[in-house]
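Next come two complexes built around chain A: one with chain B, the other with chain C.
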Partner chain A sequence: MADVEFHDREIMNDVPLEGDITVPGLKTQYEDQEISTLDEPVRETIMRDVKAVGTKFWHVLYPKQSSSLLKEWDLWGPLILCVFLAMMLQGSTEELNKMRDGGPQFAEVFVIYWVGAVIVTLNIKLLGGNISFFQSICVLGYCVCPLAISLIICRIILIASQTTALFVVRFIIVVIAFGWSTFASTAFLTDCHPPNRKALAIYPIFLFYFVISWLIISHTHS
Partner chain B sequence: IFPWKLVSAAAFLVPERGQDKIDIVINETFGEVESSNLIGKEQTDKSDNDIPHDNYTENSNDVQTHTFTKFPPTAEDEDEETDKSEQFFDVETRQVLYRIGGSMLPLPRSNYLKSHIRPNPDLYGPFWICTTLVFTTAIAGNLANYLQSAGIDYQWKYDFHKVTFAATAIFSYWWLVPTAIFGVLWWRGNQAGYTFLEILCVYGYSLAIYIPVSILWVIQFNWFQWLLVAVGAVMSGLVLVFVFWPAVREEDKKIAWSIIVVIFLLHLALAVGFKAKWCVHCKFF
Partner chain C sequence: MADTSNSWSSQQGMNQSAVINLSDVGEMEIVNDEGDQSDYETGFADSPKQDKNGKGVQEEARQRIGQHVTEMFWNAGKQQAKKAWSLYGNIDILRPYFNVEPHEVRARLLMSLIPQKPTNERQRVYRELYGPLMVIFTLIALLLFQMKTAEHKVEEGTLMGTAFGVCFTYWFGAAALVWFLAYVCNTRIAMLQILSMMGYSLVGHCLVLFLGTLIHTSHDHLFFYLLWAVIGGISALKMVCIVVSRTHGQSQRLIVCGAIVTLHLLFLLYLHFAYHQIVEDLSDTFNSDLQLKIEPANLQNKDVNEAVKKVTFSALHGAKQLVNSPAAEGLHKVVSKSVAGDIKHVVADQKAMLMGNQTKF
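Here is the complex of A and B:
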């Protein structure tokens, strides 16, 4: 039977009771990063987030590496894209007075975007996909980026006077962007679905980007 | 052939989901086969509650039949209770496609609900069919306006609020009519055994035919568009009629016929309503 030893209180305070489970060699670097985020200038904090958002946009446009978008999700990118889309697509107020303006209002685009993303995410989860809620919204939101670029291009084309040929050009650009968005998002989300339900999970994503594409192609205000 | 040979090939009986008995028929004479060799009772720590109940019979030709019931709960049973809402989405791709196909082809002898929907009615198909229909009818309505006014140098102002109108109409139809039918059947004490979820599911899938109909509305011939409406409504309306006729057959003749006629007319009214609302040149609306 071992004897029970009693320690003095001061000694107990010196005994380290917590620490990190890290490789000893990297320990000092990790500790430095941990401490310094409080003291760093605001610009650095902002730039780090901006860089993260920018990297994600890059990965959407060139969907080779499928894991980084999912590992650290953030909703900045989707918010930026949504606000941009809503501002560009809303009907203008002066024409509201002249004729019945049928374009979506800012709030309607907002609602379609976020409610659409939530419904598609719920669908993925109900079909048994193993991805977290916000990761899925993050992926769906970021993959609208090609469509936003096509909106910019269409707006530029709309500056010229419209002919059927220009309409066809706009149509083709939006179709390409739609295909790019759908392909990118299925590339990111492909591992999460059970194999016999892949088409069931991908179809709502297709419908979501189709609706956004329709909003873009039918936007003819200049 | 000795009893020990059977023991070495003993199976551990685990029932499939929803299966509550397993029959083992042994028709050679091994002498008496102990049920313990069939259910793997080597683990000595099993209590009596864990052992399936063996009902053993032997007929004159030395054929033994062991019927095992009362299996202990397995790990699979626990998974079933984790997410109740997932049961509404428990379908596979080919099942959904099969159900959509069946909703468009009325066959007089078969009941769509019994052959396609049971045993697992789902909400995935109906919900996404309705959503798709909302957008295809809204887009078709906008395209119709544009194409009909194209000759007048009309700057296309699309009406986004068609989407909200279409969504309200379609989702109301999808939920309110099944509620009414279920209410009527329940009020009459109907014994057909159609659950609310099954009726909801059938109605959702019956709207599937209107999706290609609304896409084909792009073709700008008025008679062709009305023909599409008629064909679509009749085909899927008949599927609905064949589903509900066996249920109301035992009712009073007048009530049965009025229910069937109302179901068919409402289905037709939905398509006619959309066509009429977005038909710029219609003379009678």
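Here is the complex of A and C:
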């Protein structure tokens, strides 16, 4: 409550200050002195954010103990990955859509992704880990990246006619990606777990990635 | 109400920066309004005292209504934020129930399948929710797996939603019912203990469903019934032992234990058959298809057989008449043997082809 009131007062006090910015004489000086993100081209702003998201993807693919995923969290990466997975896993052909009454798969993947991440996060918090809610969701979301890559490979393999050998290949790829995802997320979150309860915190993460990887491997029609 | 007074003062301050030396707020507003449209000086000059009675009252009322509305919205928003905050803060209330060590969870999972003989001493039930929750999430994952392999279709909602709904409804619903019965029958057990106990007992369900989906052997469900009786029975017995040790009186024990066992075992049956049925249906239709396709093939074979027999018979008859010698008898035997062998080969080949097609399906 206290900080809400404080916030409000701040806004109210800011009102006359806002008028000062528009004073004509000051404007040019302001522009010259400070590096302001207000005036930069939109392209630069977007590129900077895209770069930040890209480096986070790289951190996931090459997991070493790095705190950048934790400190500067964003939800862009998870959102992109989630929509990508949901779209790729949806039955694409007309016949399949007719057969499955429109296919609830998009919603299914979406719900599994976000609800799963929320459950895992709440579990970590309940076990006494010190991490903020969105930090954990960011890490869990970004760590789906290896699985997304394995999905792309699987879709490419699915173009060819299916044999047992190809299924084994797909299986191995998905299992590797699953291990990778789990390993990366535990590497990032390892400091936040209470030290003696790591197994308890890792089990839901394991289950979460297991369900996603199983969705990928059970997706057989191209 | 510090907020409103604050906004008031700031508003006043703003106005004072625009129009100097006016203390009446209502009048100031009018001046400001007009001043925005036209020149400053004229606005100041044109503000007559008579406006203060007509326009001024209206303006004041409008302002007050505006204030009230903003206040209302502010309060509503504040309450919403408070609610969300308290919900998030409530996590701390749940925290004691998650205070377990990995080895404790492992031991409890194992113990849920090992019933202990009830004595006069009360058996311990833990107030813990981590294990039950994880067991239920595992069960949900297994159900999803089963539904997918059974091509289960859900008309509205998702598979995930159905699995979630079924598992959590059972957990809370059954626990509430058992709690009510326990309350009526004077069993010394708390709601949280019931939740924990029933949650841990679902380990048996997980095992049975996992094995039943993995080793789906035949149509007679013998394997499943065996698992159902043994593993489901063991975990039900465990709960029965706990309840018996905490209840006095035979009929009370019977009621609570009967309810628990029925719910527990029926839920397992439901989980197996509700989402497994379709696999059987599929294999049934598949089998009947196979038979339908083989029967016409057999008929065809018979036709061919008879035709060939007729031809060979007439040919042999003709040959007999022509030659009319004992050598013809030997020829007859040789030819009929070879023809029969050929027919057998053809029939076997056709069957093999048909079987191959079926397996491709």
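Basically, the second predicted complex is superposed on the first by the 175 of 222 C-alpha atoms of A that agree within 3 Å, B and C clash if a C-alpha of one lies under 4 Å from a C-alpha of the other, contacts with A are read in each partner's own complex, and residues count from 1 in each chain.
Keep this in mind: a residue touches a chain if its C-beta (ideal position, glycine included) is under 8 Å from a C-beta of that chain, and two chains touch if they have at least 3 such contacts.
Bear in mind the structure is a predicted one, so any value in this text is a computation, not a measurement.
Using the contact criterion defined above for the overlaid structures, shared-chain residue A:220 touches chain B, although it does not reach chain C. By the touch criterion defined above, A:111 reaches chain C but does not reach chain B.
When the shared chain is aligned, no partner comes close enough to touch A:152: not chain B, not chain C.
When the shared chain is aligned, chain B and chain C each come close enough to touch A:207. Looking at the superposition, the partner that touches the larger set of chain A residues, chain B or chain C, turns out to be C. Of the two partner chains, neither chain B nor chain C is touched by A:172.
After overlaying the two complexes on the shared chain, residue contacts for A:47 are found with neither chain B nor chain C.
In the superposition on chain A, contact of A:128 is made with both chain B and chain C. Legend: residue contacts after superposition of the two complexes on their common chain; A:196 is shown touching both chain B and chain C.
In the superposition on the C-alpha atoms of chain A, the part of chain A touched by chain B in one complex and by chain C in the other spans residues 100-101, 104, 108, 123, 126-128, 196-200, 203-204, 207, 210-211, 214, 218.
Against chain A, the residues of chain B that register as touching in their complex are 85-86, 88-89, 91-94, 96, 124, 128, 131-132, 135, 139, 142, 155-161. Per the touch definition, chain A reaches chain C in the complex via residues 1, 4-5, 8-9, 12-13, 15-16, 100-101, 104-105, 107-108, 111-112, 115, 119, 122-123, 125-128, 196-200, 203-204, 207, 210-211, 214, 218. Residues of chain C that touch chain A in their complex: 2-3, 6-7, 10, 13-14, 17, 78, 81-82, 91, 94-95, 98-102, 105, 130, 133-134, 137-138, 141, 144-145, 148-149, 153-155, 157-161. The part of chain A that touches chain B in the complex is made up of residues 99-104, 108, 123, 126-128, 196-200, 203-204, 207, 210-211, 214, 218, 220.
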